[in-house]
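For reference, the structures are reproduced in the following blocks.
Look at the two complexes coming up: chain A is in both, with chain B in one and chain C in the other.
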Partner chain A sequence: MPEQTPLQKSSLISDQEAENITRVEELAYEIKVQEVMTPNPITMTTSMKMQEVLEQFRVARISGAPIVEEGKLIGIISIEDLIRCLIKSDLESEIQNYMTRNPFTVKGDDPVVEALKVFVSTKVGRLPVVNKEGQLIGILTKGDITRGLLKALQQDYQTEEVRRYRASHLFEDIESERTSLILRYNIKAGDFTHGGEASSKIKRALSRMGASPQIARRCGIATYEAEMNLIIHTTEGGVIRVEIEPHQISIDVYDSGPGIQDVELAMKPGYSTASEKVRELGFGAGMGLVNISRCVDIMKLESVWGKGTRLRMKIFLKKEDTVGEGHAAKS
Partner chain B sequence: MKLNEIVQKLNGRVLNSKVNMEIEIKGAGGADLMSDVLASIQPQAVLLTGLCNPQVVRTAMMADVLAIVLVRGKTPPAETVQLAENERIPLISTPYGMFEACGILYQAGLSCLERPVSDQDCFAN
Partner chain C sequence: MNLEQIIQSLDLRVLTEQKPFHEIHPTTGYAADLLSCVMTGASRGGLWVTLQAHSNIVAVAALLELSAIIITEGAQPDEATIQKANEEGVTLLSSQQDTYRVVGRLWELGIR
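Here is the complex of A and B:
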């Protein structure tokens, strides 16, 4: 088998390489063996002569084939077996004298990473793929895995590119006197587990629309603090409404109570009415509203005790920060 | 400094799997108050914190923090690890305390990415 070594090196994604390429590693868990294998491979039977194996390998340009009897996989024959046979000038012999019985197999719905593990630990060149009933459905080589992963990576890349492209040209394609995109999120009171989810989505949407990292960050921080306020302080939660326009982002956060008793005091750094539980989460230090005011260009806080609170914020976009108009419109 | 260098220096354990440890970290900040993190930490930092709840991961995302180090050998709840995994933010646990962990990284030449948050500054806007 030494003559196989260089081939293996060039076509195999080693464990260590896979670790370094994060997305590849991840895909190895996501993609199933049956998505990358070669289906319906050429099969042989135990009673065939090695001469026929040689012919089949030569004509089909393959280096191994599963041996099947009555639909059941019973062995595998590879080019190495053929070489052993040639050395002995024994081409009239039957396959069963040279084949490997009970070969390692993988299941079609196993993730690719399972197959990689077998390849790494056994050094075999190909693995027959079977279904739940043990019937042969395909064959898998390391080359198949590499090709499958590369294809998936390319698809991944294209999907995100298309998404970004579409989002960043959103406003260009629509004609009106004033176009805007409105995002709405309902926030539940006391829902600490999902605290920050809406803000993450807002931040991601802005990035996809071509907002600069600074704008996305300022918007993310301001909405996050406001979102946590809705979760911590309101009786029935509230709403975050973000209106995105090419020249500005307007954020409106409102709830139906209980309201703030002293708005001026609430704006004071360090002032907080938060409970011990909230403080344990790293919030309630009385810096939320202060942080918000740092991130936005205009901030307006109105509250009526017993009625509710409304926090309005605006971030103005300079030409270079413009969102949703694509790169062409910015230059 | 590369993230895996930081992990090595802190004797750290990476708690999630689908993350890139080769990323370049510009500097660091240490805080337990999430509002302080949001107010003061600069982008592309590693955050050292004693807080273990999912909000740490959310805060990191908002503040463009590239990785989170949990000090004092803390093991976070499963939902924190899950969120970090989903959002692909490296989560690292170190046996060192906050003071020592910060000291080790500072001595190794990692710069400070915290800016002061003074009261005066608060009223400036």
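Here is the complex of A and C:
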């Protein structure tokens, strides 16, 4: 967002309010008037007859037009003015007798929200758009704004669709003996605040690449448990490395200590070495490794006490459910 | 039974952003305070009833795609947890009642 938006100038918006700002409101600050206005509108001159206004409005199906003299905007004529004139049966009169002089204007590089403010605070139906030199460059109605915002929202939606489409076809056009994508996440010991973020990102990446919801979920659960183990049990944190290939996902989680004293015991459901403090947070059920083994096809846990732990897992994908090869995720 | 009706019947407080709750139909539920048990037991689209109110419940609910978390006995999550829940699209609801009673009411409403 540019620095000068009124949103940031105003210190009256609280954090809470800022959170509630919708995408439409954001767009009203992002999109410029000149992007949604109708450029090169039909213009008229002061000396034209109201009869001609009527003709132009009818033929071009418009309800207002700016009045320009020697390139400068001097007024605006609208259908309301025309009606006033018709009531008086005064169609032979010149525009200057009915037009509004010095109309409200808006600049082309103003954000749309500036125009919205004018529409709200006045009763005008259209705004002439001028450039920095004050020359007319277009005309703006509320309808133009609505259309522009709808178009931008649709583009937002399409962007996600395109992103999904691209990711789900990632491997298709790449030729190699063995193609894979590797994701790496560094996990800090004791960082409960960010607990679960890496696994969420892994799950999202897999979904975008076209993994089935079941595969994404299994992978999410396995990496979540491994991520929390790094946070809860390690001395210096560790790394989650996920290698995605069309037909399999290999997850490698390793740390540099303290290691597991008795791997067999650690695998037993309900066994946990978690501290009382960690248990109060709801961890330490002794189910982490058990959960992982339920979610993956192959699991290998190696640990040397005093050195560190390495947990390797694999999930195999069915031929019709491979990732990155154009199989759309069915939700 | 949709989430809006559940919120009204159980007099739950909505801690996160409003959503079209009437379009959310929780299929089933799960009650536990141990996160790994939830990981094993909770079903996609289900409700989770718990006493835990710290930020890690959000990650669990997001990963499992739960329809909402009902935090019992009036436990209050902190601002950062609520913010994280909004970011992840997780709905947090609060009840003054204990887990036993909340689950009982949900069962009566047909969430089984």
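Assume the second predicted complex is superposed on the first by the 178 of 331 C-alpha atoms of A that agree within 3 Å, B and C clash if a C-alpha of one lies under 4 Å from a C-alpha of the other, contacts with A are read in each partner's own complex, and residues count from 1 in each chain.
The working rule: a residue touches a chain if its C-beta (ideal position, glycine included) is under 8 Å from a C-beta of that chain, and two chains touch if they have at least 3 such contacts.
Quick caveat, the model's predicted, so the values are computed rather than measured.
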Should A:E52 be classified as contacting the first partner (chain B), the second (chain C), both, or neither? neither
Using the superposition on chain A described above, determine whether A:R294 touches chain B (first), chain C (second), both, or neither. both
Could you say whether A:E35 touches chain B, chain C, both of them, or neither, answering first, second, both or neither? neither
Output check: A:E25 vs chain B and chain C. Expected answer is one of first, second, both, neither. What do you get? first
Would you check which partner chain A:E80 touches, where first means chain B only, second means chain C only, and both and neither mean what they say? neither
Enumerate the residues of chain A that count as touching chain B in its complex and touching chain C in the other. 20, 192-193, 195-197, 199-200, 203, 213, 217, 220-221, 224-225, 228, 281-283, 285, 287-288, 290-291, 294
Which part of chain A faces chain C closely enough to touch in the complex? 19-20, 192-193, 195-197, 199-200, 203, 213, 217, 220-221, 224-225, 228, 281-288, 290-291, 294
Over in the complex, which chain C residues touch chain A? Could you list them? 17, 33-37, 39-40, 44, 50, 52, 54-60, 62-65, 80, 83, 86, 88
Per the touch rule, the chain A residues reaching chain B in their complex are 20, 22, 25-26, 192-193, 195-197, 199-200, 203, 213, 217, 220-221, 224-225, 228, 269-270, 281-283, 285, 287-288, 290-291, 293-294, 299
Sites on chain B touched by chain A in the complex: 18-20, 22, 32-39, 43, 49, 51, 53-56, 58-59, 61-64, 79, 87-88, 117, 119, 121-123, 125
